[in-house]
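Attaching a single structure in structure tokens format; questions to follow.
Order of writing sets the labels: A, B, C, D, E, F and G. Residues in every chain begin at 1.
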């Protein structure tokens, strides 16, 4: 029943898929819930605090409580806002972020993974779609901070999409496939995580990914000290929660992607594949939290300069180097 | 009638419905931003259709370029001009009526032509990808048979970039 | 390989176009010279091993309905010979230009134009079909225009460029009409196909059929050649074109482009061969041109103009030969003429360069001591032009005269002889005025010096060629060039025509040779007597004695004035008549019409909004109508 | 993930979809007042063409990749077109302060 | 680049350090003796000299007393308006009998401003609470009083 | 400006504050922006106005002291001292040695606490949240020490005319002594954490620059003046209290940019530690409150004295008619003076530099609005 | 039945579930749980605590468009890099050179934008 990837479509495989989808949804929600908690905990620890600890043992239910609180909060739609778009924007942001999870190979059996032949590009395409939600959310709020935040967000995200895509090409080049399962297999075959032959690419990727996620030090769009809360200034209650959810689901997807592309995905000795995957993804999460505690925010103009004048050329150089490397390897 | 057949057809009709609904919405919306969104829907629907037809790469490319890049570009252009631009509620002018009639008649004739033809049905034994993944096959074909057009694409893009930059950039002294 | 012959100059053009401005002069020139040199080497290989004559390598270019238009290169003996000449002269001129144009602000631009020209010219002589030929034809015209007007800041240069462009365009119109007619009649642009079609009995177009059509087409094509080769009455542009840089005159207006007209006639010879009337026209136009130009050349004061008229005259010679059916001789003269005329220009250029741009013959003199290499090479070229044994000009010119006489064209033979006499006279008048005697302008003389090696080497090479090129086709050698050229006969190049149709070969006649030699020597003698050392007063006396004749020649037979008074004035008269008509007849009608139009316009304005969308609506409706009609007629509905 | 199996959607249906989409795009291009939307409508028409290309790539007489590759090129050209078109529009907007097609003609002033 | 890494290592090194969080309100903060929390009041010591009310910069203290049978003034009412009290402690400084003192009570939050008017009874109860919490401090005070008393 | 160019961004008025996450209190800045360029900025103040100066006219001098706590609530000790010092100057009272030493110790600790908060808050403005909480840890220790010596964490009301309210409790000086090496170590940590961070440097280097002339023209003092390279420190230039007994440096900047202002804060903390260290070594024993009348009447006349506060010169200007209450009290509030420069600094800057500049100007709204 | 459509069906399920979650929580369940007391003050836009003034929909700087433009161009170019990367193993040095030309042209565009100061935010 779980082998729906290779089975003909029957009602039972369809059911299996549906279950798979729901499982991933729950997983994503769980990861987000505890990702947020872990973020607050890690930040607290790094700042000499203990972080949330009141709700549930060790504060484990803190996020749950937060979500419940948001759930029963009033849903305020400003009078000046463009109502339909205002309501739609969080959904528009959330759906692509969630869909991006569909191609991440969580485990060796890839039960919960759509093994499409264009996985990498699929991911890239969806991450571009998320921008719409952010931008329209900012626009529909009809608020100056939101609008600036939304436009900035969009400009930043789409700018960093380019080096992100370029760094992924290097991986595709080495793996010879866009299917993420194949990428993992190629790393097993090579006996080396791609972080080593693609170190430059990895650096570009990790910077671009951080920027794409709007996380410190690239969290300008919601630079609270300048723009209050960026594009979701006017959002409240559960609608705001969906923007947050999007952000963290996207973080999860990016963690999965990093693990898959550069850290060998589910491959690794002794432990089961999914655990390896979880460890690697957790490492990405931790890295992001760590950065957040350390870095000041980069300035808008420097942000763009970094993207177009540093990362993009680096990405191109990486690409050419990888191509030469591969050509030499093929000959040799 | 295998279940597959029905599944494909259902998918096709759903997608068509979605595409046409979005297209009609584009025509009927008043706010320009909404129109841009509706068009985004059409683009995504088309992508789904391509994927249904087995053109995986083209489908994803459609999402990347049309739904991702172009729609964003349009939104940016809207924000740079009149945010609140709306199509005015205008009475039927002669021209509009003529356009409607013309398009309708054109559509009807095209449909008649399509109906009147015996179209070849794809030969299932032929694998257009020659056993490779769609991306790989496209890559090979693109870089072997379509080398010159490919290079021209880069030229075109560069020229478009340069041209658009010249056009869009503010003149000195404007600021 | 054939592709690479024009290919290299194209590459050089591209390079100079893209980065030329940034490169140093030697680099620009080096690239251009190397490119043409490679082309020359390839052409030489082609000349020696033409492979299958008439072989065509062709790409599909345009497909319109059933008509496929290719884009290709054809290698025949004629083409190979032309390519050889063009690339050789080009190489030398490009090298020479390095010295001549040194320091010019637009040096790289100059080389751009020249590279483009070389590419176009090589493309022209190698092209496989008429349409392609026409494109290159126009491209060389364009290059000529650009180069003549290179110093556009001089009003004369700009005017001359315009004139050359417009005048040749008149001829080109004829050529284009001819090509279109041929295409309509034969359905193809390919030479082979056209020739074959022309010979087929059913050849015709509507009420025009057979020989009538052929004659019409041939004369239209010839009109193109008249324009390009500066034949009477369209020769007026060529002397003015001397405003361009001298190397340009050498290359374009002496050796290659102006010869394109001759080449065209030669190329289309199978067609001309089918029409006696056309051939006769060619011969007579050629004769008139040759004589007229030679007479004008007698009295010109500008060194380049003399040579320019000489070119016109020699081109007339070639036309005469072709018109007389001596296809091979015409081409042979083209071949030899290319070298010595290019050389004449280069040496003239050397003189002008040495004198800091002075072109007036009567300010020169005594340059033999200052410019030894130029002097000797000029002498070689002059002797060749005058047709003195055993230099190249002798063999080719004599062959033409022989052909004329043997072909029964007595009058033309006489014309040829007189021309030959005049030629010898004016070229040596030039020689004596410039090189012999004492300097007339000391200031200019003092600064005179030879250009660098880049200028002298091409002169020397051409000098050697001017001396020896003719030996390729001596009776002693058994007329190899004739056999070479006639080797095309019977191949697909001259599809369907026999050797007899395309050119006659006449036996050498020593007596006739001697006559022409004597005539030439007489001309030289007269020149020496009139313009030799301390002979200026004699020249003046002769000029005053000739009186009106002298003036007529000096004013170029008043042709420019005639054009001015006839064509231009006629135009003005027409305008005046039209004005009258307009004022009294038309305007009243117009007034009525305008009222009506205004009314109609008011109605139509609804449609004509200036908005694409409205037009789009109309187009969409039209599209619908078209499809509907197609369907109804196609029975789909 | 090689073959995709048979496609059993009738060719005519796909073409009909393309035709309708084309006509909608055409109507939009002819009637929309906002220049941006005119451009967008043209994109719609290009998409309709792409639908046909991809359809024939699979369902043509001899299925091959050419159709798909062509549609890729179309997509690229469309991207270039819209980029330049919108840039042009911005330039026009700068001078005329409007994106309304109707206000843009110089014809009637 | 080096700066980044240095910064990262600093933050990482902070990760395992001892946490400084106090689990208030489960764990109450330990206040020093001089801590100026809400006042406590010992009515029997008050001489109704009014010095505290006069020194108060915000005039938040109001008191009234009557003479008792011994002609000694006895405090009747003693209210402090904690809405405006700034806890500067000047009143304790001037009090000759040290009957108005600061305690370590600091949780004053309330739903209504009215409830911030705290009267003598509340303040005395606060003294009792304080005594309960810090018997040693109160004993010390008493000892000091005792010490000083004979001197005066 | 070209009228035809309409795509040029429209000018927009943007409110930063009063309810804004990073305006250091309730402060409103109306910013006129075009695109992201600030055309003009207008500070709107008064949201925290309490009329301290007017209130003081009805208060005895001792009663004013708690009010000074609430001016610059991040550096209450210094305000305390400034008032006391002025009145003491007017009265000409002798202050016991030990009191002077205690005053210096708490003032320098206060300076450190204030600077720490500046650094934390500034980096918070720039988007780094870690340093803020680190800074709070050290500050907490200082505040705790203050709590022990005077019973309050922020509003100390510690000083009295003629000395201080309390002597240091037993063991307190040892606490301070232990604090010094700890603080030195932490200062090194800040250097590692922030000073070398490229992002930080890019944001503050060369941003918000002004020169000495501008600074003097606007009447700036303190770090805002020293960052331009002028060595001006009242502790050195017009020594008050016992500052002439200590060996310490006056760090100055070079470029007058935000980075210099940030870095001077770090350096000054170091110097303050030095002073504290020396003071603890030298502190004598003895009384802590001099002989002053119970009811202080300042002789009629006008008095001013300024001291080096954490944000510049804090000065009290007293006009007295000989009564026990000032006839008029005027406070020279460094934050208020610093704020004058803000519009000038912001004009022509980009929005993204707004907070880097605003933060580095270092204002406390309690003091601005008073 | 090939797995091709299965994978995409899976994605479609993601789409459906992804839409259902927000729709369900925001539109179906949410209204039952949350209060709704709109008041005019509550519905004003946030403007740092003062009455909002001016329209928020001001026009933006053209550089936003220029970045979007750059994004479109480079996105399309990246798109073409993917099939190349995948097929690279089969193309060898020839493919390398092809891509090098492509990248050089791309770089020219970038360099142009660079020189035109498009890449600067200010």
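We take it that a contact is a pair of C-beta atoms (placed from the backbone, for glycine too) under 8 Å apart; a residue touches a chain by one contact, two chains touch by 3 or more.
Everything quoted here is computed from the prediction, not taken from an experiment.
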Partner chains shared by chain C and chain G (touch criterion as defined above): B, D
Identity of the chain that, by mean CA position, is farthest from chain D: E
Chain closest to the middle [Cα centroid of all protein chains]: G
Of A-G and A-B, pair with higher C-beta contact tally: A-G
Gap in Å, rounded to a whole number, between the CA centres of chain F and chain B: 62
CA centroid of chain B to CA centroid of chain G, Å: 17
CA centroid of chain B to CA centroid of chain D, Å: 5
Euclidean distance of C-alpha centroids - chain A vs chain F, Å: 43
Per-residue multi-chain contacts in chain F, two or more chains: 5-8, 12, 20, 36, 130, 134, 137, 193-194, 197, 199-200, 350
Touching two or more other chains - residues of chain G: 1, 3-5, 7-8, 47-48, 54, 57-60, 62, 64-65, 68-73, 75-76, 79-80, 82, 85-86, 88, 106, 113, 121-122
Shared interface positions of chain B, touching two or more other chains: 4, 7-8, 52, 54, 56-57, 61, 64-65, 68-70, 72-73, 76-77, 79-81, 83, 95, 99, 102-103, 106, 110, 117, 133, 135-136, 138, 142, 153, 157, 160-161, 164-165, 168, 170
Residues of chain C defined as touching chain B within the complex: 606, 609, 613-614, 616-617, 620-621, 623-624, 627-628, 631, 636-637
Residues of chain B defined as touching chain G within the complex: 4, 7-8, 51-52, 54, 56-57, 61, 64-65, 68-70, 72-73, 76-77, 79-81, 83-84, 133, 135-136, 138-140, 142-144, 147, 150-151, 153-155, 157-158, 160-162, 164-165, 168-170
Sites on chain F touched by chain E in the complex: 59-60, 62-67, 69-70, 130, 134, 137, 140, 147-152, 155, 157, 165-166, 169, 189, 192-201
Complex contact set, residues of chain A against chain E: 42, 44-50, 53, 290-291, 293-295
Touch list for chain D against partner chain B, complex: 1-17, 19-28, 30-34, 36-37, 39-41, 43-44, 47, 50-51, 54-55, 57-66, 68-69, 71-73, 75-84, 86-91, 93-94, 99
